[in-house]
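What follows is chain A paired twice: with chain B in the first complex and chain C in the second.
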Partner chain A sequence: MLMDKETTARPDERDVLGISRLGLAVGSGERATPLLAGVTVRVGRGETVGLVGESGSGKSLTARTALGMLPPGARATGRVTVSGVDVLAAGRRTLRDLRRTRVSMIFQDPRASINPVRRIGDYLTEGLRARGVPARAAAGQALDLLDRVGIRDPRAAVRRYPHQFSGGMLQRVVIAGALSTEPELLLADEPTTALDVTTQAEVVGLLRNLQRDHGTGMLFVTHDLDLAAAVCDRVYVMYAGRIVEEAPGASLFAAPAHPYTKALLEASPSVHGDKAAIKAIAGRPRSLAESPSGCSFRDRCPLAGDDCAERVPAHRPHGASATACLRPEQVMP
Partner chain B sequence: MTEPVLTVTSLVKRFGPVVAVDEVSFELMPGACLGIVGESGSGKTTIARVLAGLERPTSGTVTLAGEVVRDHSRRARRWRARQLQMIFQDPYGSFDPRQSIARSIAEPLRLHRPGARERHRARVEELLDQVGLDARAGAALPRELSGGQRQRAAIARALAIEPRVLVLDEAVAALDVSIQAQILTLLDDLRRGTGIAYVFVSHDLAVVRHVTDTAIVMRHGRVVERGETGRILRSPQHPYTRLLLDSIPAPGWDLDRVARDRRALDPHPAHGESSCSTSTT
Partner chain C sequence: MTMARSLAAWLGRRALAALVTLLVASILIYGSLRLVPGDPVLAVTGGRRLTPDQIAALRAGYGLDRGLVQGYLEWLGGVLRLDLGTSLTYQSGVTTLLTGRLGVSGLLVAYSAVLAIAFGLAVALVSAVKGGLVDRAASIVAALTTATPTFVAAIGLLALFAVGLGWFPATGAGTGLAGRLWHLTLPAVAMAIAAFGVLARVGNAAFAGELGREHVEVARSRGVSGGAIIRRHVVRNALAPLLTIAGLLVASLFVGTAVVETAFGVDGVGSLLVSSVSRRDFPVVQGIALVAVALFVLVNTLVDLALPFIDPRVTVGGLSR
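After this line comes the complex of A and B, so read on.
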């Protein structure tokens, strides 16, 4: 039934992830709380795409919908496809299949996503065994995977428990597990936030190399604008449950096209260039439910005018960006 | 010449066989800001905890406002608290969840400056105002405030008895960028306004560059580099400081070089973060 959709996927759907006009709300009728609105995100094959925002912006929620993981009682509108599979319409079996073979996810805290009382070897072979790989072959692959993510002495490592690894090393193990099924799409939700800076650089390098070798598409969710700009081909900036700007990673710093992106850049202290004063943004980040009508950022925006309240600004091209702002030409870097 | 408000000399702290802090010395002048930079396991937090009296040093001395801190009697601890206060990463754990923010802020006043309730109330209002919180936030319980507001409240409480030194341990690490900028700006203003000195413990070089005048870079319990913060970041002398700088994401980030340099620095990783405990068990 649902499997039909998979086979009849349109041939032009080359993207590994296609989220279009995604809306998400919990509750119903008058009491409904909106979480996401009009979110459109695509990740091409082998592409690294950043999803950047502060807390409550909806970046993690968006990434999770790609796995069909919605908050309890949430209703979704719009369309989410992973390699042509319609995730929102998929049944349990299709979703399970999808998670088993096509999409993997890495979370911030490796200790929260790995069973503390089972050995690393079990963790790594579990996914492979579920795909029908014989036990002996799976064990061999696990060693190979650990070697690829730079764990010394894989033979000893498979017999150890998670608590015997440091955070950085355990995150490597989780990455090995995520890649064991050779997914087409990797969802990385703040994968390096809990790590030291030097460890972060290594783990990001590892992710990038593995992704390059396999042509995996990656959605990289982070609060760190610098990290996203350095790592990603394209970056989406989210604010209050909406995408406010989409830009190539390289040009995000040079030419922000949305006042929020610019404000974020000005609020972040930097080690590069001349020491510049940081400018705090007044107020605090909003969620979609508490944001004002029209443009969600308008109550904190220095460029806002009356017209910003009328409706949610549509995305328009400006420079290399697509921005949801009425006055992108006034946003100077 | 002015005397340093805080002097740490040859500080050593051992936990069993582990040397967390190894012969660390530094000085802090009144109204100045010293950064302690390092990654996990560098010993930076242990130093902060020793300064606040939460840990006793194995050896070495801490001199605060001209007096060597020796005694751990009740009186000595109170005296120390009047000179030095500490701010943690998440202040949630340091507020009584059943007590309003205003009452929590008034607590050090009641303890250190006994006096009329009216006077305390007025002082709390003044403090709330100083850190940019309104009366409604003062009446709220800790859980009703956002992370940024709670950090403001923690700062207000620490300032209540006008200490000479504030030790901030990763005080802005858990905050969103836009909120972090607000707190950094607040800390800047407070230092200018009150002449308080900061010990700013952080893993974030960008933040340290913004806040501090001088800094020490720590690794495995030792100071590997010290000096004026701007100089350290402009021309780092120690390979570890260079590695820290190269590890910060930037356009044209050379990840392979970072990985190489790190391995070169730690050829036999038997301890610390870069190794997993697989090599020790």
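After this line comes the complex of A and C, so read on.
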């Protein structure tokens, strides 16, 4: 434990999000189940950072710790800071203020995110009112926000209910709600997964524009590697509760430095023109608790050798990436 | 404009459905009492010797000499004029008998409903929010109270608070509002106990379900305070299903007055029903049954009318609010 602390690079105080060596486990003693281990992620001011991985790799868990939202009964180790505030050590009030003013999260399913029996206007003003904005001013700002995310006739929209909107429109409303607090950090957890392709593009474009205008840092969680590479400045690739590679968005396609990243790329339909070229990753995704010793990916990895079982590989630079693989030079794009 | 018209049409349909229900119920009520074996007039006059002429006159007076259909139509005609016939034993109009007692029974039902709903939902909410040991204890209490028959509760309360401690009167309905409430407290509690258990259980499930919704999690992620989340996202959303259950319970409390009013010697509709059944005073039994069904239909219709205003997803006549 002490070793960990000493080897951890001091997080940059200007980062809006600094997660370093985050570990997460539920249960205690013999029955403890580890969910995350040694997760280090940073998001600079105004930066867009991707977090990609298969279902169950721990992307949502990681993003939610930035809000101080741990699963019930979970214990966390390591350090999580948002704009310098230590989230894991923060009390209830500090967390609440943090959520009201500095971090906003956008969830996957907009229809489940908004209370179905309250009006759209109530959803938007709720966040503002929690920050202490007076009712009248909040109502005015709600109209403004809807206008900014491209909803026509905001005056009518605030009086309508969620079921009267399409999924894409609702996600715009959710984005408007997230922006209402003028956050320094936006956590977008698969914000386009529940939407159709054209709507996806619109919503991503909207997020990018708004983020650029406000200088907001964004952690963009997705299982879509193409999208991440296109949108993000940097991308973290996650597997079984660990970060296995960190690379600039642009170089991820050209030079994957971890066999898992390469496998993800090959499994992605849009990279390859013909269907036959899609290669599913052999075996099924592992959770941290059931992954093998050493490198978690070694039982599914074509390059794995005996040395991979010895210990969890440390991150080391390779090309533009930092990779947790012992033989990144054998990973061919 | 179309909105208002569709609302009117919807209200009209609801009213029509309620009327049809009442009509069917009235046929069943009248028919079943006429078809019961034994002559009610003989049972009522039992012992006294009457001339055949007198008996015939009585039978004619109660419409028993006419056929089923004609007798029903005459009875229905009376009902529409708010005339429920004449009691066989009291020698006064059933309508008069009922109106006097409906006040007492109505107060008893309302008192009991307020107790059951307030305590039941409070326990449900606290146990759903706190979870753990509190939740476990509450579910045991709810199961025990649900399983307690009203007459057992009545006897227990009588023994403890009226006879043992002497805090509350054992019989009568009291005078003046304060006296009424004081006298009706034990009967109301006795009736409320089972309804409390049902509400504590159903309410707990409803609140726990709403607490687990993603929009509640989202509200937390936005820094909305705990109290506001419970008010605006949990209680507000559980309101529609709970209103439906509460409506049914209130209607069933009305039926429960029969046991409780008899046990506590309260002169209300319930005890009148019990005594009338044993004396075979069929006009009174018919009248009470009809009023009970009418109240049931009324409560249910009111709940249905309220639902679209509570849950915007419930549509009114095909159009949403």
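In this section, the second predicted complex is superposed on the first by the 315 of 333 C-alpha atoms of A that agree within 3 Å, B and C clash if a C-alpha of one lies under 4 Å from a C-alpha of the other, contacts with A are read in each partner's own complex, and residues count from 1 in each chain.
Methods note: a residue touches a chain if its C-beta (ideal position, glycine included) is under 8 Å from a C-beta of that chain, and two chains touch if they have at least 3 such contacts.
If you're wondering where the values come from, they're calculated on a predicted model, not measured in any experiment.
> Determine, under the contact definition given at the top, whether A:F253 touches first (chain B), second (chain C), both, or neither.
Once the two structures are laid over each other on A, A:F253 reaches chain B alone.
> According to the stated criteria, A:S55 is in contact with first (chain B), second (chain C), both, or neither; which is it?
first
> Please work out whether A:L225 is in contact with chain B alone, chain C alone, both, or neither, and reply first, second, both or neither.
first
> If we overlay the two complexes on their shared chain A, which of chain B and chain C does A:I281 touch? Say first, second, both or neither.
So A:I281 only meets chain B here.
> Pick one for A:Q164: touches chain B only (first), chain C only (second), both, or neither.
It touches chain B and chain C both.
> Among the partners chain B and chain C, which is in contact with a greater number of residues of chain A?
B
> With both complexes overlaid on chain A, does A:L264 touch chain B (first), chain C (second), both or neither?
It touches chain B, and chain C stays clear.
> Go through the superposed model and pick first if A:G205 touches only chain B, second if only chain C, both, or neither.
A:G205 contacts chain B only, not chain C.
> A:V197 in the overlay: touching chain B, chain C, both, or neither? Say first, second, both or neither.
first
> Show me the chain A residues, by the header's touch rule, that chain B contacts in one structure and chain C contacts in the other.
164
> Going by the contact rule at the top, pick out the chain B residues touching chain A in the complex.
Per the stated touch rule, the residues are 39-40, 146, 148, 176-182, 184-185, 203, 205-207, 209-210, 230, 233, 243-253, 255-256, 258-259, 262, 273-279, 281.
> Show which residues of chain C lie in contact with chain A when the two form their complex.
213-215, 217-225, 228, 232-233, 236-237, 240, 310-313, 320
> Across the complex, what residues on chain A touch chain C?
64, 67, 69, 95-101, 104-105, 107, 109, 112-118, 122, 126-127, 130, 161, 163-164, 177, 181
> Any idea which chain A residues touch chain B in the complex?
My answer: residues 54-55, 151-153, 156-157, 160, 164-170, 196-202, 204-205, 208, 223-227, 229-231, 250, 253, 263-264, 267-272, 275, 278-281, 284-285.
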